[in-house]
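Taking it in order: structure first as structure tokens, then the write-up.
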Amino acid sequence: MTTIELKKGQQVAPVVKVKRKSRIGKLILQSGMIGWLFILLVWQIASVFSEPMFLPSPYLTLVGAIEIASDGTLFLYMGYSFLRVLAGWTLGLLIAVPFGLLIGTNKFVRALFEPVINFVRFIPPLAFITLFMLWFGIGEQSKVFLIVYATFFVITINTLTGVLSISNDKLLSAKSMGASKFQTLIYVVIPATIPYIFTGAKLAMGSSFMAIVGAEMVAANEGIGFMIWNARLYFKTDWIFVGLVVLGLMGFIMDRIFAYAGRKLLGRYKIV
Amino acid sequence: MLNTITEEAIVIKNGAKTFQTDIENPTYVLKNVDLSIKKGEFYVLLGPSGCGKSTLLNIIAGFLDLSVGELHIVTSREENRDGRGFVFQSADSALFPWLTVEENISFGLKMKKVPPEKRKKIANTFIKLTGLLGHAKKFPDNLSGGMKQRAQLARVLANEPEILLMDEPFGALDAMTRRTMQNELIRIWKETNKTVIFVTHDIQEAILLGQKIGIMSVGPNSRIETAYDVKLPYPRDITSIDFNNHYKQVQAHFEDFSI
Amino acid sequence: ACGNDANSANADGKTIRAAIDTAAGGSFQIRTAAANNYFADRELNVELSNFAYGIDTVNAVLTKQADTGLAADYALLNSLGKGDFVVVSSLTGSDEHFNSVSLSEILAVKGIEVPADIKGKKIGVAKGTVSEYQWAKCLEHYSISEDEIKYIPYSTPDEAIVGMKKGDIDVVIGTGALIEKFKNIDGVHEIDRLSSVPDLSVSSYLIVDRKFAEANSEEIGKFLKGIEQGIEYVKGNPEGTADIGYKELKITKEDILLDLKRVNYTLGFTKEDYTHLSNMKAYLLERGILDEDFNLDEKLYLDPAKQVLKDKVTY
Amino acid sequence: MTTIELKKGQQVAPVVKVKRKSRIGKLILQSGMIGWLFILLVWQIASVFSEPMFLPSPYLTLVGAIEIASDGTLFLYMGYSFLRVLAGWTLGLLIAVPFGLLIGTNKFVRALFEPVINFVRFIPPLAFITLFMLWFGIGEQSKVFLIVYATFFVITINTLTGVLSISNDKLLSAKSMGASKFQTLIYVVIPATIPYIFTGAKLAMGSSFMAIVGAEMVAANEGIGFMIWNARLYFKTDWIFVGLVVLGLMGFIMDRIFAYAGRKLLGRYKIV
Amino acid sequence: MLNTITEEAIVIKNGAKTFQTDIENPTYVLKNVDLSIKKGEFYVLLGPSGCGKSTLLNIIAGFLDLSVGELHIVTSREENRDGRGFVFQSADSALFPWLTVEENISFGLKMKKVPPEKRKKIANTFIKLTGLLGHAKKFPDNLSGGMKQRAQLARVLANEPEILLMDEPFGALDAMTRRTMQNELIRIWKETNKTVIFVTHDIQEAILLGQKIGIMSVGPNSRIETAYDVKLPYPRDITSIDFNNHYKQVQAHFEDFSI
């Protein structure tokens, strides 16, 4: 028989200091700074082995950004793109949520539309550019509707999933406490679906930023998408990169703001 | 016909239930169910897993329809739905997590458009009755399992149902909490004078709570095999000799139809 | 669908919705005219909208999103049969002083020294643009059959530049500011000038929705006068033009100045224009690129130009 | 006191026939045929009130499809697009799954890359066209990599979520049964993550079809995306519609095949 | 030092545990824990919810480290990890749903590269022992709660641990299934001769199963207040007078430190 002695516990005291030290390291790690530095480094090295015309370094990109920002153009473009995204996303939400609730609560309507949704959702917004221009004109409408389209399915499908995953117990208990069908919709179905709607809206925010470049490809006079297209036409690679970084930043910041607002305002709905 | 059962709150005559709709000779989950529960009685439905206890309770609640037979519910209410309150096994799935405990409890009152002050007053009564004082502003997710089940009970009671239907309400609680809740339930039942149907498959729980125990047979074609009377005073002591004699008798029933 | 208001041509003519291009020349004469209020001075309200290529502006007119558009000869002829719009004036082209293709170069990668070397190589061609015609003419001139080369179609110049750099494209036609960018690629050099191909020139034209043009003949006249003033400005003040271009398009001034050198802005409509278009149409029909013929004369509406530009309309 | 008599149950027998009849109706409803007919009807009516140039009718679209299919072009284009999607999606899966597993199982790597991922994922594939041409040429490679990019984030994020949601009990029990770290990865982490990987792969399939139109904008000579772009140059609205319908169909069919294959082959992993 | 405890399988001396690492005076979940369990003993850890039972069991399992104090595990194994098998409360979260019952049971053997035929033989032994014959090819999701817990037990036993650690393994089962499983566990324990530590907060379960019951005090600074001996022969009858006397005594302990 062997006798094995496992782990003699240590006093807690000496552990404390060690942890204290690593806390700053942990903070740096969690902030993602190292990840950023790593990416910048890779970008810098890659640009050294290339030409600025093809792959501008992070520094040259910054110079380009300052150039285009100095007369306020960059911020104007950001504003335009942002407002288009916001308008399209809001409108998308206003259309898709009631639609999702409708097909979620009504079996007949669901049977009617679900197959169609599962078909149309594979048609990319980009394929609709010409058609939307035809139908909605070359002004803001067609751009906004392209974004509405880009947000529609993800919000609808998430809302639908939310409605379908409400536990039967909740519906039965509302019924047995005397709630009418309409009251059940307002006071049970909608609140229970909010976390799903929120997730859908968050994903749709991402899709909106995907769609803005397409929306601003045709007949736009301003916007980050317009900037990227123009830079392509004249081969201003540094501005393409400025556009990429700005899009990433705008999406990232919107996402964080949205998540934060969700936590603050919809806390009771346990959004994720 | 009903004149013979005026004392009764719930009566089922020759009830049967099948979930199959499109075959000629369906299998019945429940068959030849006869049941008669007196006003104010604490009735326990005891039976093995899957025999159809929940199905029967859902039929009494009006959530499901009988396939064959008669169901009579007798209450003093105009609207029958309100007459029956249902406590689900899982408080997690039944409570509304986006409402505070108090808001959950007021839900039924709000649906009936009771004014806010009155709602608050009634909610408070049941918060006190179920021992939830100090937890009114919390959300269900921040409560322990026992607390959640108290909140669900309070929510149902706030609608002042005459009949309380409970489907294994303490099945998911740990042993100690369960014991406490059982005692609380008896206290509340005595105070409020409800007719209670309580579903369980715990023999000890059945004897601890019930005035009458409806012992169900194994499914399909499950029915109420025996209605067993428990003539012990409350509160009951599970370590007493009388209690354990009852336990042995009920247990014997189950060995009879060998589960 | 619900775009009905956008689809209806605005009949009162108080506002001209003009579609202009950003990539195939930049439409600086119209841009500066608007920026310097040459239209406003004539009590004409002009709304400009930007599209990448001429073909996009033609589509905008076709779909009644715009009242006027512009197109190079090749794209123009391909589209004229499709909708009810008319040519009211030329915009760019060649004349006795200026050959519109003289500043276009045929550029090739290392190893291709003379035009004959093109045989068996990959030729980059901008999809749906006059570049298709130019290559056809070039190859004819070099006596190379189209079967002996491989066309690599592209839709934006960056594809061509990158294509050359990566070896996916061996030869392109470069114009204006882009020539320098091509030449920045190691080994890319000029092997010929497009002007060495006989009878090859490019001209572009202003097109207008027919109903709109006929109902607003006077306004079209003012529009042309405004453009005329814009051309003067561009010629006398390239720096100022570059400033306006940068402000509106974020194209660098150097690029704009280079582009300005290769264009010859014109107005009016000459016999040569007519011959040029007729010849090209015959070519397109012969090649089967155009499947339905149309009467060119019916597609001309030169009254406003005749009114305001008199001597410049010689057809 | 009121006495209320609730629902006298009926005999089951007469119910049977009624249900039999409605079964066919149910089948029709579930097949989604009604939804399709409804959409076709709306499309047809809308096209009557429009011009073919703006909105070709379903019939004209079919004529256009037959025209372009008669010499096999349509099928050739479908083949090209399909192979590009397949190649990009497969490659995306091969890159993103190991990457997702790595950042899921290694806290340090996760801290390094998570913020970067949350930034880059907002940059639409379209914005990367120039860059991808630069890196991968204008041939097939850049098209395929554009699709790889479009699939990368959704698969990575799903894989990561899967790894993070493995119950600690599973990992501890593997450990206490003597599994090494590597064995735990192979025999516990990967199988437990399969449902998430599958979901990610399914969503990525959708993204691939979204990206193909963008990918075939660039120096393509064939493909459904090319067809849509080319139709724009020559203003053939009916071909745009053919393109849309074909994309929807291809996506829909791939999705169904994928779901079916998943159920058959990965049944034990309880994919959803 | 160890020479004095050769009979023991598990010893903890003055053990303490805190989860806080970066404050000067941490709150301890467990403090001054002394524990000594004999080889082959059936030891029950009984205590109120949240007192630290799981934490203590995880420390013994080697999943967590003591912050202060000594832990000794004595087995005849070279590799200590194998010496201890852990049965989790939730079979759903512990079993591998993508493996059949048999594959789950063979998992540990596969990790140790035992050849397939031998694996199959060993798995079969434990399938029989736990009453899972006929379920070997099923996936866990197709089993009832009780069956799943049997599968988990079989999986742990297949690694032939000398010590069996069980964290409320029957807490999620219904009353009848729980009773059956308790009897089975006693049978298996007798057959296999393991040292068992069984965590519960059900007094009845503790008395039904344990030779010794370690009663823990309320946390924080929870410790093993009393080690209570149950000198009843197996199988035990919960309706017997002796049993109920034990029940009263243990219950009194809890009233002492008022939960």
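Worth a mention:
Chains: A, B, C, D and E, in written order; residue numbering restarts at 1 for each.
Just so it is clear, a contact is a pair of C-beta atoms (placed from the backbone, for glycine too) under 8 Å apart; a residue touches a chain by one contact, two chains touch by 3 or more.
A quick note: this is a predicted structure, and the numbers were derived from the prediction, not measured.
Comparing mean CA positions across the assembly, the chain most remote from chain B is C. Taking the CA centroid of chain E as reference, the farthest chain centroid is that of C.
Looking at contacts between chains, the pair that accounts for the most C-beta pairs is A-D. With each centre defined as the average position of its C-alpha atoms, the distance from chain B to chain D rounds to 47 Å. A separation of 84 Å divides the Cα centre of chain C from that of chain E.
Centre-to-centre, using mean CA coordinates, chain C is 41 Å away from chain D. Multi-chain contact residues of chain E, defined as those touching 2 or more other chains: 62. Multi-chain contact residues of chain A, defined as those touching 2 or more other chains: 54, 130, 134-135, 232. Contact with two or more other chains is made by residues 1, 7, 59, 63, 158, 162, 165 of chain C.
By the touch criterion stated above, chain C contacts chain A in their complex at residues 1-3, 5-7, 19, 22-23, 48-52, 56, 59-60, 63, 65-66, 156-158, 161-162, 165, 177-178, 181, 184, 248-252, 255. Residues 29-32, 34-36, 38-39, 54-55, 108, 111-116, 118-131, 134, 206, 209-214, 217, 225, 228, 231-232, 237, 240, 243-244, 247-252, 255 of chain D are the ones touching chain A in the complex. Interface residues of chain E, counted against chain D in their complex, comprise 61-63, 79, 81-82, 84-86, 88, 90, 93-94, 96-99, 107-108, 110-112, 139, 141, 155-156, 159. Listing the residues of chain A that touch chain B in their complex gives 167, 169-170, 172-180, 183, 187-188, 191-192, 194, 268-270. By the touch criterion given at the top, residues 1, 7, 55, 59, 62-63, 78-79, 82-83, 127-128, 152-155, 158-159, 162-163, 165-169 of chain C touch chain D in their complex.
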